[in-house]
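Shared chain: chain A. Partners: chain B in the first complex, chain C in the second.
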Partner chain A sequence: MTAWVIARNTFGEAIRKKILNVFLILALGSVLISLTFTFLEFRQQVVILKSFGLGMVQFWGLFIAIIMGISLIPADIEQRTIYTILSKPVKRYEYVLGRFLGGAITLAVNVALMGAAFLVVFLLKVNTRALESLASLDFGAFWTSWVWSGEVPGLIGGIAMVYMKLLLLLAVAVCFSTFATVTVNFFLSSAVFIAGSISSVTEAMSKSPNTPIVLRWLYAAVHYLVPNFGNYDVQNPIIHPEVPAADLPLYMWKAVFYGLAYTIILLVVGVLVFERKEV
Partner chain B sequence: MENAIEICDLTKSFHSVLTGEDVIAVDHLTLDIHRGEIFGFLGPNGAGKTTTIKMLLGLIFPTSGTASILGYPPGDIEVKRKISYLPESPYFYEHLSGYEVLDFYATLFGIPAAERKKKVDELLDLVGLSDNKHKRLRHYSKGMLQRIGLAQALINDPDLLFLDEPTSGLDPIAHLDIRDMILRLRDEGRTVFLSSHQLSDVEMVCDRVSILDRGKLMRVGSLKEMLAGKSVEIRAERVRDDVFEKIKAHSSDAFTVDGAIRVRVEQSFVNETVQMIMQTGGEITAVIPGKRTLEDIFIETVREGTVS
Partner chain C sequence: MSVTARRSLLALLVPLFAVVVWLQVQLDPMRKRYQPGKVTNIEIGTQFVAATLIGLKEVVAGLLWVRADEFFHSGNYAAVIPIVRIVTWLDPHQIDVYDTGAWHLSYNFTDSQERSDRRYIPPAQALYSEGIANNPDIYDLYFAQGWMNFHKVLDFKKAIELFTEANRRPAVDPATGRRRMRPQFVGHTLAHAYRKDGQIDRAIEQWRQNIRDNERYVRESGDPGEQVMVDVARNNLNQLLREKEERSRLKPLKDAKFEAQWQFLGPRKFRVFGTLDLPTGARVRLVLRDKDFKEQQFQKFSWDIDTNQTILIDDLYVKDGRFSRTIDIERDVTIYPLKAEEYVMTFTFNPLTAPDFVQDVIGFKGEGLADQKYLVVRNGVRMLEKSFIIKRNQLL
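What follows is the complex of A and B.
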């Protein structure tokens, strides 16, 4: 209950933050720009639109997640707002959880808005084409366009995967913010994100006989400790649904559970550190 | 008398990364604060006042020693329901209005919605912010923020209030209002732990005071006793010269004005001086107990500490 009160307040605070709103506007603008890719062949336009749209949601979402995550707790400490909160009947874990939940809701709203803009642009594009095809009695083109409309659930899945990735990054940033300064946290969280995005590389390096043993251990440590952000890169099967792929929904569910488990671990670590933190 | 706060041998040291040394902020502090009193916690900047308050609130942890707040350890969730804190120059969530911020704090205490609304309105009225309750805090003046700070400190009807510089930055009227409010809190049976540099305020409202300097407790006691002077001024006429010379030998300050004498003697020498003057034909015109201000005591205590 207390965590929820803090979460609601965090959300109210975050949606009024100018910098986050700027990112959101830039994201919406970027998605709209994709409407101008008319110089390409139509099939290419759709492929580029899906790739670009999902990419933009992720790109601007990363900024929102990291900027918000690194400052959620330090901002309260720096501005001394935390004194009047922790002197009330608020347990420290409730505070950390509340700030994280508030951030997660903010992130969800932002991703939903960006995703909705992307889907609207996508449907506008393919349905305009469908109507034009129907008008010119080109049933083949109409059928293709109609099939493309059916890709919306897949795209929603893709957006959900982007959200899970950002949620995991938010958890990393909130966990680090319990002991690191804002600047240090920015670099730490970014480094973890990059290392976690090239998990297959670190895994390969940790197993390569050509890598010195110490570096192999280091790569292995990075591979096993850092969350694998690459799990959420499902754009290819979504953008090219015609290419046969493994059971995508099952894979996505597994990735969701993996992300939630990692998020819980990161929050537990953050809470344990924050319990002993002097504010 | 039952104590609201019991502090025993409380010490806090911080490790300096730059010098590699430990800096002692609070040094073996032992202190009791009685229930229902206004206790003045004084000291120059850097004396360790805020550090002590933060330890009592469970915001930071002591290096050694113990403290008990209303019978609970600092930071205990049960004691947090019964206490409140107004930090120095408080900051609140600026995106909220005066009403919303009090509602937020009331929600943290789990106060039901209907009661919350009534309580928040009452408090806004009490601190004179009813007309500005829907204004965002970012548009509040420093004085208004201080008033909101006091209102949030009263949201849970606390038994014990920690007020850190509550009158800082206030105009004279607001200053007076807050001072009256603190007195009213005592009349309602609450305990107030008041940390302030406004010695005149402390002198007017506190029952007991302590003076902290560089983490050490230099003085503690009843304000009345502290302010009571140890010397007495005696004014007399027709005092013989030889008697005046004798008195002068025991006096810290002695002079004549139009043939009358004015001498300042220690309390223990008052009776003897008066008798000496009267037995030799002199006439006592006034015996005035010396009175010191809290400022005198504060400066004297801190200087003594610096010298030692």
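What follows is the complex of A and C.
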């Protein structure tokens, strides 16, 4: 319960942060820019809109997750509000958990807003005829020509995968923020994100007969022990629904469970470190 | 936190890590299905790797394609092909990029007299093949490659093979993402290809099938406007039946009085001319190539062609029974390097590629064609052909 109160406060603080709002506005603007590629063929426009939309949600989401994640706990330490909080009947693990949950809610709201904007833009794009009818105030024609794209569930799935990736990154940043300064944490989290994003490379290298055995072990360790952000890169079959993608929902569920399990690990480590931290 | 709680949390990490590793082992083989890069051969620049590392492959691919469009509109076709290579590596499901890239290769690299550089046909075929391997379940690239073979290469047998594959596969609606019937023109083009290849009975059979398919299309789409394609197929069928009937009575044979010559005008400049007693609008194909020319074979796509090869193809327009053209390749040293010692210059009249009004005189496969000197029969087609062996110094 205490953790939930801290989470709500964290969310309230986060939505007042100008920098996060700026990222959100930039993200919405980026999605809208993809509407301007009208000189391409219609099919190509739709492909670019989808890839750009999902990509921009992820790109700006990364900034939001990392900037928010690295400052959640250090900000309290620097401003000394941590003394006030911990002098109350608040356990340290509740504090860490509350901070993370607040960040996760903020991230969810931001991704949902960006995703909703993307979906609206996408549906407007594929409904050119309906929009023309609307412009001429022919509401009957608008409803009859409106197409509910069968791609929407897939796109929502894609946005959910982006959220899971960002949630994992947030957990990494919160975990590091229990012992590292903001600057150090920024570089640490970024390095983990990059190492965890090259899963196809680390996997290939860990199995390549040309790689020395010691390096193979090293790559295998990186592949299995570093949070694997590459697991969430499933945009391609979502952008190209014509390509058969067998068992994609199953894969996505497994990736979600992977993310949740790893998030718990990072939070446990964060709590263990923070318990011993002198503040 | 108590020591017990701390130890419990530490102990919890072990099974959690086990779960994470187990899930990763499960995810690894599945992930490869959803992350592109199946059939490509490329050494990619590091500047592109960075974006792909953080899961933005498709965004980079899209933006690069927008840039390629700018190059295209500024006439810088050579810059488009490397971008095609990168985009299809980043996202091998961008079928329009394969199609546009292969089209550039096969049509847009031209000499100063607007003849395309034929050495780029094999890379174009390889690019299409790669695109098909990456996108085998929809009609688009089978049709596109078939069209290149039908229209540019004039290899109707290969075109039939590809159109047949296209005609078995669905399309995807770009707006809804749902599968739908392929456009009717796919079946129509297949019928045209059979006709061009001289397989008239197969063409008739295909037109009948097209009528049935198009009627089904009208029923399923619920759009009466689509009826026009049923009518088109019926008209084409009736016309073909009429032509078959009329062309079965081509007697006496038409003597084409074919003759062809060439004349040196200067270094890399010569005139080709001759006679062909067929209606104005018939065309004679000129091929100048290295004597030992062999079309390059690409197992995988590359635009690294053999720049020592020379092959020039032109179609010579026949007017009032004569044809003539000055071939000036002085400014096209890179396209026609003329590095071989000997060349073959061939003039061919092929009834299969002749327009309808010429086929009315000589038949679909030259059944009504005669010539006292240059008639050859190849794969059942009666065609005219004259060749010269030319030394390098005769052209320079």
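For the reader, a short list of remarks on this structure follows.
FYI, the second predicted complex is superposed on the first by the 256 of 279 C-alpha atoms of A that agree within 3 Å, B and C clash if a C-alpha of one lies under 4 Å from a C-alpha of the other, contacts with A are read in each partner's own complex, and residues count from 1 in each chain.
To be clear about the criterion, a contact is a pair of C-beta atoms (placed from the backbone, for glycine too) under 8 Å apart; a residue touches a chain by one contact, two chains touch by 3 or more.
Given the structure is predicted, the values throughout are model-derived calculations rather than measurements.
When both complexes are overlaid on chain A, chain B and chain C end up sitting side by side without clashing. For chain A, the partner that touches more of its residues is C, with chain B and chain C as the two candidates. Contacts of A:Val5 after superposition on the shared chain: chain B is touched, whereas chain C is not. Once the two complexes are laid over each other on the shared chain, residue contacts for A:Glu13 go to chain B alone; chain C is not touched. In the superposed pair of complexes, A:Gln235 makes contact with chain C only, with no contact to chain B. Shared-chain residue A:Ile48: touches chain C; no touch with chain B.
Superposing both complexes on chain A places the Cα centres of chain B and chain C at an angle of 160° as seen from the Cα centre of chain A, in steps of 10.
Residue contacts after overlaying the shared chain place A:Tyr83 against chain B, while chain C stays out of touching range. Figure legend note: chain B and chain C, brought together by superposition on chain A, show a least Cα distance of 9 Å.
Of the residues of chain A, those at positions 91 touch chain B in one of the two structures and chain C in the other.
Within the complex formed with chain A, the chain B residues making contact are 54, 57-61, 77-78, 80-81, 83-85, 87, 89-93, 95-96, 104-105, 107-110, 149, 152, 156, 162. Residue ranges of chain A in contact with chain B, taken from their complex: 1-2, 5-6, 9, 12-13, 16, 79-91, 276, 278-279.
By the touch criterion given at the top, residues 34, 37, 39-44, 46-48, 50-52, 54-56, 58-59, 62, 91-93, 126-127, 147-151, 154, 165, 193-194, 197-200, 203, 223-225, 228-237, 239-248, 250-251, 254-255, 257-258, 261-262, 264-265, 268-269, 271-272, 275 of chain A touch chain C in their complex. Chain C meets chain A in the complex at residues 1, 6, 9-10, 12-13, 16-17, 19-21, 23-28, 30-36, 53-59, 61-63, 65-66, 69, 91, 93-94, 96, 135, 137-138, 172, 174-179.
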